[in-house]
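Each structure below appears as structure tokens.
After this come two complexes, each holding chain A, first together with chain B and then together with chain C.
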Partner chain A sequence: MTDNTQNPILRVKNLTIDIPTATGTLHAVRGIDFDLMRGETLCIVGESGSGKSLTSLALMGLLGRAIRPQADVMDFERTALLEASPKTLRSLRGARMSMIFQEPMTSLNPSYTIGDQLMEALLIHGGTSRKTARGRAIELLQKVGITAAESRLSQFPHQLSGGLRQRVMIAMALMCEPELIIADEPTTALDVTIQAQILRLLVDLQAEMGMALILITHDLGVVARIADKVAVMYAGALVETGPTADLFAAPSHPYPRGLLNCIPLPGKPDRCETGHYCGHRALPRGGGLGLHLPHQM
Partner chain B sequence: MNSPDTPILELRDVTKTYTVKQGLFGKSKPLTALNGISLQLNRSDVLGLVGESGCGKSTMAKILLGLEAPTSGQVLVDGKPIGGENRLELARRIQPIFQDPYSSLNPRKSIEDIIALPLRVHHIGDEASRLKKVRDILDVVGLPSRVLTNYPSQMSGGQRQRVAIARALVMRPEIVICDEPTSALDVSVQSQILNLLGELRREFNLTYLFISHDLAVVEHLATRVAVMYLGQVVEENSVEGMFVQTRHPYSKALLESVLTPEPGLGVPDTHLGMAYPNPIEPPSGCHFHPRCAAVSEICKQQAPRTQLTTYGRIKCHLHDETVQAKLVQA
Partner chain C sequence: MLSFILKRLGLAFLVAVTVSLISFVLLYLSGDPAIALAGEGASSEDIAAINVRYGFDRPMVVQYGAWLLSALTGDFGESYYFKMPVSSLLAERLSVTMLLGLCGISFALVTAVPLGVLAAMRPNSIIDRFALLLSVAGQAMPSFWFGLILVVIFSIKLRWLPASGSSTWAHFILPTVVLGYYAMPAIMRLTRAGMLEVLSSDYIRTARAKGASEGRVLFKHALRNAIIPVVSLAAVQMGFMLGGSIVVESIFALHGAGFLAYESISRNDLPTVQALVLIFSMFYIIFTFTADVLNAWLDPRMRSA
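And now, the complex of A and B:
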């Protein structure tokens, strides 16, 4: 699927995010590196608080003024994202890179119709007429499997179920045919049946449109089924990266090994081997993993 | 006490109908959330109740907790029907653990207040003996007693869920209704909570009704499984039976949707299609037929009967011998 002679669509080297807090600096992301090719799927795995979502927000330039991410390289194609002006970033966001957020309940605007929210990006970036945008919105709603797409356009978010709202979010991210999609736990809030459907949809659309996909999740079942490569984050650092098959066959780092042991599976011993998450502030010296590991020395 | 054969909890043909208005001036229409549910729970059983959102799982939990009255049918505890008068008595025996530990704990109360509240409501003991009970139960759920003065906002999701479990168990109930107790938690925390629930069940001889949409979680803990679809139980089975030989097409689709960490398998196609039917206008015949991979003509016209199987019950024409025989003749 991936052509290695290509240039990566996204290059990140030594990305660091420090957050100043009342009790001292929180090193939320501590120097992570990764590359992403066109049409490739990267899954970032880790527990809540490990810095996954902050990384994705930094990529999108959505961190806000108080937090300044730093990196040696953070390039989307040829644009250095950290040096880019707000105007350049605005022209990228929603058009060439877009994001699917975790909570479909809170990330849609309750006072605008589905149609308005879907068409917004295309009207701003594409400079198309409302009629064309409307046509495209209907087409995408159908593609994400929403029945009676035309009548949905005039509905408000509260009139839709969680699964439908999440599909609207996905359709919204696809409106301008972006080259990169960052999906932050797109299926965590959904039923298993809907999860399988939405993931299939993402995979199909990706094959059709050739987008690169960064999927943030803590569900290794999801990772195994759709990722080309995996990056495991723990306490702000990447503890293991590699092709999916390798990581599942032989995770070399104890943390992913612990995560794999946590999944309830038929015929497996019913003990979870990871200990307690140590939290960010009280990071022990070394890998930041001290308290967590059953194999600790 | 009744004879040991009496199920500790029994639902007899329980139906719950809500009236829903469509639009501001729209007509009111009945929404059948539960449609003739009959279930039995024996002492120290764990019944896993599985189904998609909107199938009536949580309505059932509310009815069992006495928070809602069924429209028709009966709920029996130890063979005695529950009614409006003995709410306190019922609360002593049945306690809930809810899904979201972020909204089910009062943010303005300390952990001690939260866990001691059931004891105060039931006028059990004095202040000192209550505090002792709270400390004991904290120890049981694996929290240090220093968290007593904490507030929920100072605790992580897993810790909060432990507090919720402590609050449910401080009355020493016999039945605990767990409404998706782990779905808001991280995988590693989820398995800790599941292990804890398993240990507590053995220690206190508890009976669980465990509601979830994740069959993998249910298999981990349950002894029996009931699959619900649109307010009906479509299949009930022992946990071994369910996972070795699933019969109902809907149960099969649910099982297939569980993503096991096996790279290279890809995302399964469950053939469920996209749309969950509108519960106000349920499909004709078998409610599942528009999404069923093995649908035939009879499914669209006639609702299936409940068939007894070796370990449980099933509601599907595919497993109704008389229907199948007729089909062969025709």
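And now, the complex of A and C:
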């Protein structure tokens, strides 16, 4: 396969996720588009419930049986993710695209050692020996800044702090040197000091390994520092997408404008007004957003 | 892990000593054994003679010490009714009961765990409904009735299996089904509930994100965590099957320990009852100890407890 750097590694056109519920269909994600090049960082921002996590789970094919995403295009390299067989998807997951989750405390299996869980992806995909996998696990634990890496392999998740567990999760996602990493708010559950460390680590590793990164976050400061592109989601739709500098300089949509105003600045009055969100169900499908934003009124 | 096992062993030993003391004292509280032995109209000389012969005149502590010491060497005295050593009586009866108990719990586990896993994989599906129906029926049907129905169908109508006795393996099939079916619903529902909870947990999503196959997710990642409460339950049910299979043993005329316990209680056969109570509680202690060790092996967080 020729790696054409002009071709995006990930192409998404009109991704829609409908969730059937007892009271009607919930249009959780409503026709979003974006492209991601190799080595690029895309930050998806938006408030809770805006569909960020669902989008990332849809990319990984982890939405489960009840929820069927639809899209005109959802390609990872040349693989159409929505048409691919479960087997093809399994061969991609963990090997060429991997994910770091929001909850380090519960995302590791309590019954297996850190070493077992680290080596698992490599043993599933790589066809390598346990010894090689072990070496790789130690190497990556060191890379994510865990001291005494070798002795950590025989420890269990409950013996590690939240920050350490998230580092283990990152190491785990990197085991097979994936081309795409999706990190869903990887630092929300951690202390502020640890948050900065973990993010820096992630960005450094991304640059070192040349991976594409989708980072889902609330933190606009992080976005300004690391993102090449930003996608702002609101109520399941992409309200703004573009290069980071443009967004911060001149947001065209009222919602990101409101969002930027939410960054507290010393000496400035609090102008945090992002509007009242009236619930997904009340919104018309696709098309115009029924937002009640202060800027429009 | 080793220190955990040693700690549990020590605890099990203390429980065993306490249980033996309680069972010894309780049986003496149920009435004067000499009067029970001699019968209602016995003279005081007869009672005194019995007291001396069986050692009832000694202080309670001495009697307990002597009983425990000989019990440790396998000597439980002589049965008042059968006029033979309790130990040989037990050896004969316990083998039947233990075989039945083992078959029963195995049957229950082999049917209930896969059914629970299947039901949890597809909640509210036809399989789930079927499993629910089966477990409700199992809980609702008294085992004596279910046993008799099986005898009517398989022994009398179809003539496939013997109705009573314990001489061949075929004799154990119907009792196993009856005994196992009684324990199955609880195990099935606990497996289902545990699997449902574990399958929606974050680490299962992590396993899937690694590209693990569905079988690997189910059996390596989910079942190991979901089965932990089932292990404890199965241990208790196994103990219950040994001591409480009187009904099943009576229906199928299996002369096991449960039936012996029933007989001995009604005959005031003190040494036999004492030995049975002791043995049954020792089994309980062994099963819970095994379950604890098994659970600690399954879940490393329990090892520090």
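Here is the rule we go by: the second predicted complex is superposed on the first by the 279 of 297 C-alpha atoms of A that agree within 3 Å, B and C clash if a C-alpha of one lies under 4 Å from a C-alpha of the other, contacts with A are read in each partner's own complex, and residues count from 1 in each chain.
Here, contacts are C-beta pairs under 8 Å (C-beta built on N, C-alpha and C of every residue); 3 or more make two chains touch, one makes a residue touch a chain.
It should be emphasised that the depicted structure is a prediction, and the values quoted were computed from it without experimental measurement.
Q: Applying the touch criterion given at the start, work out whether A:158 contacts chain B, chain C, both or neither, answering first, second, both or neither.
A: Touch status of A:158: second partner only.
Q: Give one of first, second, both or neither to describe whether A:85 is in contact with chain B, with chain C, with both, or with none.
A: neither
Q: Please indicate which partner A:23 is in contact with in the superposed arrangement: first for chain B, second for chain C, both, or neither.
A: neither
Q: Looking at chain A, does chain C or chain B touch more of its residues?
A: Counted on chain A, the partner with more touching residues turns out to be B.
Q: Applying the document's contact rule, which stretches of chain A touch chain C when the two form their complex?
A: 60, 62, 86, 90-95, 98-99, 101, 103, 106-111, 120-121, 124-125, 156, 158, 169, 172
Q: Of all residues in chain A, which touch chain B in the complex?
A: The contact residues of chain A facing chain B are 47-48, 145-147, 161-163, 191-197, 199-200, 203, 218-227, 244-245, 248, 258-260, 262-266, 270-272, 274, 277.
Q: In the complex of these two chains, what residues of chain C are touching chain A?
A: Touching chain A from chain C are residues 201-203, 205-214, 216, 221, 224-225, 298-301.
Q: Using the touch definition up top, name the residues of chain B that touch chain A in the complex.
A: These residues of chain B touch chain A: 52-54, 156-157, 186-192, 194-195, 198, 213-217, 219-220, 243, 253-254, 256-270, 272-276.
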